[in-house]
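Structures are listed in the sections that come next.
Heads up, the next two complexes both have subunit A, just with different partners, subunit B and then subunit C.
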Partner chain A sequence: MRLELENVSMVYQSGTPFSARALEDVSLTVEPGERLAVAGPVGSGKSTLLAILAGVETPTSGRVIHGTREISRRQTPPPGSIGLAFQSPENCLFEKTVYSDVSFAPRRQGLDGQEVRRRVENSLAAVGTDPASIGQRSPFSLSIGEQRRVALAGVLAMEPRALLLDEPTAYLDPAARRELIMQLVELNEQTGVTMVMVGHDMDELARFAGRLVIIDGGRKVAEGRAESILTDSALLAGHSLDPPGTVELCSLLSAATGDQVAPALSEEQAIETLMQIMEGKC
Partner chain B sequence: MSTPIIHLNNVGYRYPHFAESEDLALSGIDLRIEEGEFVGLVGANGSGKSTLARLLNGLLLPTAGEVRVGGLATADTANLDNIRETVGMVFQNPDSQIVATSVEDDIAFGPENLGLPAHEVEARVEEAARRFGIERLRQSEPHWLSGGQKQRTVLAGVVALRPRVLVLDEPTSMLDPRSQRRFRDFIDELWRGGTTIIYITQLMEEIATAPRLVVMAGGSIAFDGVPAEFFPDRDLLDATGMEPPLAARLAAGLAARGCQVRPALTLPELVANVHAGSQT
Partner chain C sequence: MQISNMVVGQFYPGTSILHRVDPRTKIIAACAFVIVLFMVNGFEGLAVMGAGLAAVIALAGIPLSWLWRGLKPVLFLLVITFAFQLFLSGGEELWRLGPVTVYRAGLVQGAFLTARLLLLVLSGSILTFSTPPVLLTDALGRLMEPLAKLKIPAYELALMMTIALRFIPTLVMEVDRIIKAQKARGAVTSGGGLLVRARGIMPVLVPLFVMSFRHADELALAMESRCWRGGRGRTIRRKLAFSNKDAVFATVVLAVLAASLWMGRFR
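Here is the complex of A and B:
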C-alpha cells in the first residue's frame, strides 16, 4: 500500500507556552512494497513522523493518504491495515501465554479459529520462533530478544499492508539484531509488505533499506537511494549521523594511502577492498 | 590488600516467580572490582547482565553468596542508604526513571534527597544539564521529550549525585551516534576523575578499548580479561553468543582468505596494520 504525507507539519501543545514544533512541511511518498528507512539525530521528529504515517497522530496541518484514502481524526485507517511497532514493543505484551498475546488482534478482527491459528503460527515463524515450543509459555518468562520478536509477531498477525517499525533492534544483542533485520528483509521480499523503519545505526540501515530519508530539526533534509546517502559521509556528519563502519573504513584507508578508496557498503566488499590494498601479501 | 569497591563472592540469584526447576538467573559469580576501574560488561540477551547490575546497589539481594560494596554487605538493610549513595545506576528505559514534571526538577530530585543546600543543588543541576547539552530543555516536561533527550535527563540526574561507582545499563542505545560519542567522552572524563565505571552495552565498538572486559553467558562469568584476548577467540565467541567489533570481523575475514594481518579491535588500528603490511 502506498503511504503519502503532503506538506505535513506537527506542533505539540500548540497555543500553550510549551508549544513545540516536531515536523515542518514534510512531504514523503512510501511506494508499495518498498523498504524505506528514516534516519535522523535524537529529537529530530522521526518517531512523530512514523506515528503520523500510521494514522495514530493527526498532524497540525497537511494531508496523510493511505492508498486512495485520506486519513484524518474522523477517517482512521481500517483496522489491521497498518502495523505499528513502537519503540520497545515488548512493553505492550500483556497476555498469559505467547499464543493468546499474538492472537489478540486477529481475534478482535473477528476471524475464525482456524484463520487465527494460521496467522499466529505464520507470524511466530516469520520472526524466527517456534510456535510449538514457545506458544504456551508466559511472554514474561522470555528473554528481551524473544519478547521483542513475540511483540512483532503480534503486529504481523494482523497481516498489515504496511509495517512501521520504530528502532526495532534497540537493546537487542548483536546476533539478535542481525537476525531480526534479516527476517524483516525476508518477510518483505516474500510478502511484499511495505516497510518503514526508523533508526540511527547506519550499519543496520545499510542492510535493510532500499531508500533512505533523513529528518533533522523536523524537516526532510535528504532523500534517495540508500547506497548514495549512506556513502555521503559529509551529508551524514552534517546531521549528527555516522556513515556505516565499512564506509568509515574506506575514508580512513583513503587518508592512510593517499589514494581515493571507493566506499564499501558491506563487509564482503570491505574485505575485497582491503585485499586489493594488501595485494601480493595474501 | 585494599577492600575492593565491589566484591561478589560466589553469588547466585533466582527470580522469585521462577520455579525451583528453572534456571538460576545467576550462579557462582565471583567478581572483584577495585575503586577507579573501568569494566565493560557484555553478554547475549538473557545472559544475566542486568540482573548482576541490580545486585550491585541492593535493588536485588543475592539468593546465594554475598555482595559487598566498599566492604558493606547489601543483605544488611542498615547499609543500603550508604550503598545507594556509593553506587549510581542508569537503566535501559528512561521512562521508568523519570520522576518529576520538569527536566530540572528531575535532575534535582536526587541531590535534594541527599539533603544538600539549595545553592549546591542548583550548581549541580546546572553543571549536569550543561554537560549533557540539555540546558535549553530545563523547563520542559519530560514526557514531551524524545527518547534520547529523556535518556540524557536521566543520566544528568544520576551524575548530579556524584556517585563513586556508576553502573550504566545500555545507556546509549537511544542516542544518535554523535550523542553516543559525547556521552562516552563524558564517562571517560568521570573515570579519569576517579569514578569507578561498570559499563553494560550491546555495542562492541563501545568497549573494544576498555581496560577490562567481563563477558556473561548463561548466568555465569565466561570471560574476565582484556578485550584483545576475548574478541579473536572463536570458541569463546561461539560459547558466549557474542560478535566481535567490525574491525575484528574484517581482520578475521582477511585471515580466512589467507591474508595475514595483525588482529585489530578498532578501524584505525586495522587500517594501520593493513597499511603497514602492504608497505613491507
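Here is the complex of A and C:
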C-alpha cells in the first residue's frame, strides 16, 4: 500500500506555553512494497513522523493518504491495515501467554480458530522464535530480545499491508540486531509488505533500506537511494549521524593510499575493495 | 479526550509577583482563603472574595483560556450542585415547569453554594497555576517539618509527592503510546458497552502497571546507588526564602479576607 504525507506539520500541545514543534512541512511518499528507512538525531521528529504515517496521531496541518484513502481523526485506517510497532514494543505485552498475546489482533479481527492459529505460528516463526516451545509461556518470563520478537509477531499477526517500526533493534545485543534486520528484509522480500523503519544506526539501515530519508529539527533534509545517502559522509555528519563502518573504512583507505577508494556499503563489497588494494600492492 | 492534549500539571510559566512570592506564603494564603470562604454568609462576602481572586488572577497574567482548562473537570460538579439545590428545597414558588418546581430559596441557595465551590476550586487553581509542582511539594515539605518531631515522616512524604509529580508526564506519554499501539492492534479503548470497555482496558492497564513497577525499581536502585538514605541531614539546593514581596502579598490577602469577613459575617 502506498503511504503519503503531504505538507505535514505537527505541533504538540499547541496553544499552550508548552507547545512543541515536532514536524515542519514534511512531504513523503512510501511506495508499495519498498523498504524505507527514516533516520535523524534524537528528538528530530522520527517517532512523530511514524505515528502520523500510521494514522494514530493527527497532524496539526497537512494530509495523510493511505492508498486512495485520506486519513483523518474521523477516517482512521481500517483495522489491521497498518502494523505499527513503537519503540520498545515489548512494553505492550499484556496477555498471560505468548500465544494469546500474539493472537490478540487476529482474534479482534474476528478470524476463525484455524486461521488465528496459522497466523500466530507464521508470525512467531517469521521473527525467529519457535511457537511450540514458547507459545504457552508468560511473555514476562522471556528475555528482552525474545519479548521484542513476540511483540513484533503480535503486530505481524494482523498481516498488515504496511509495517511501521520505530527503532525495532534498540536495546538489543549486536547479534540479535543483525538477526532481526535480516528477518525483516526476508519478510519484505517474501510477502511484499511495505516497510518503514526508524533508526539511527547507519550500519543497520545500510543492511535494511532501499531508500532513506533524513529528518533533522522536524524537517526533511535529504531523501534518496540508500547507497547515495549512506556514502555521503559530509551530509550524515551535518546531521549528527555516522556513516556505516564500511563507508568509513573506505574513506580511511582513500586517505591512507592517496587513491580514490569507492565507498562500500556491505561487508562483502568492503572485502572486495580491500582485496583489490592488496593485489595492487603485492 | 486525547491524552497528548492534556496539560501535564497546571503550571502556567510567568514572572508576575504571584509567581515570585514564596510558595509557602501562597499555600497559607490559599488555606486562609478557603477557611474564610466557609465562614462567610451571604453574597456580599463572596463578592469581595471573588473580586480579590479576580485581581490576583489578573496580576498573575493567567489567560482565561487556561483558567477554563482548569475548571472544565469540575464543571459537572458545579452544575450538579446548582441543580440539586434548585429542586430540592421548599418555600416560595418561583415558577413551575411540568413536574418541576423551582423555589426562590432553592435558587438562592444553589447560586450561593455554586459560587462558593467555584471560588474554592479557583483559589486552589491559582496556587497550582502560579507555582511549579516541584516548588509546591518543597514548600509543603517545609510547612510539614514540625510534624517530623511527632515522628511523622514529613520529608519522605514531600519526596514521594515530588517523585509522583516528576513521573506524571512520563507516564502520560507512555500511556498515550500504549493506547495508540494497542488500538492499532484492534483493542477497543472507547465506545462500546461497559463490558467491552472494561475488557478493553486490560491491554493498557497491564503494561502500565508493569512499566510503573519497573520505573519504581530503577529509581530505587538509582537512589540507593547514590547513597540516598532518608531525609536526615539533607541540605537543600533550592532554598525557599521569604522576602518583602511575601509581606506585601500577605497583607493584601489579609485585607481582602478581613473585608469579606466583615461584609459576610459580622455586619
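Here is the rule we go by: the second predicted complex is superposed on the first by the 279 of 282 C-alpha atoms of A that agree within 3 Å, B and C clash if a C-alpha of one lies under 4 Å from a C-alpha of the other, contacts with A are read in each partner's own complex, and residues count from 1 in each chain.
Everything below uses one rule, namely that a residue touches a chain if its C-beta (ideal position, glycine included) is under 8 Å from a C-beta of that chain, and two chains touch if they have at least 3 such contacts.
Because the structure is a prediction, the values reported are computed rather than measured.
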Fit or clash - subunit C, subunit B, common subunit A: clash
First (subunit B), second (subunit C), both or neither touched by A:104: second
Touched subunit A residues, subunit B compared with subunit C: B
First (subunit B), second (subunit C), both or neither touched by A:121: neither
Partner chain(s) touched by A:204 [first = subunit B, second = subunit C, both, neither]: neither
First, second, both or neither for A:94, with subunit B first and subunit C second: second
Touched partner set for A:173, first subunit B, second subunit C, both or neither: first
Touched partner set for A:12, first subunit B, second subunit C, both or neither: both
First, second, both or neither for A:278, with subunit B first and subunit C second: first
Touching partner for A:79 - first (subunit B), second (subunit C), both, neither: second
First, second, both or neither for A:56, with subunit B first and subunit C second: second
Of the stretches 96-104, 132-140 or 240-248 belonging to subunit B, the one that collides with subunit C: 96-104
Contact residues of subunit A, present in both the subunit B and the subunit C interface: 12-13, 18, 87
Residues of subunit A defined as touching subunit B within the complex: 12-13, 18, 20, 40-44, 47, 87-88, 141, 143-146, 167, 170-178, 200, 202-203, 240-242, 245-246, 248-249, 252-253, 256-257, 267, 270-271, 274-275, 277-279, 281-282
Complex contacts: residues of subunit C adjacent to subunit A: 4-5, 7-8, 12-13, 65-66, 174, 177-178, 180-188, 202-203, 205-207, 210-211
Residues of subunit B defined as touching subunit A within the complex: 18, 43-46, 92-93, 140-141, 144-149, 170, 173-179, 202, 204-205, 241-243, 246-247, 249-250, 253-254, 257-261, 267-268, 270-272, 274-275, 277-278
Subunit A to subunit C touching residues, read off their complex: 12-13, 15-18, 51, 54, 56-57, 79-80, 82-87, 89, 91-94, 104-105, 108-109, 140, 154-155, 158
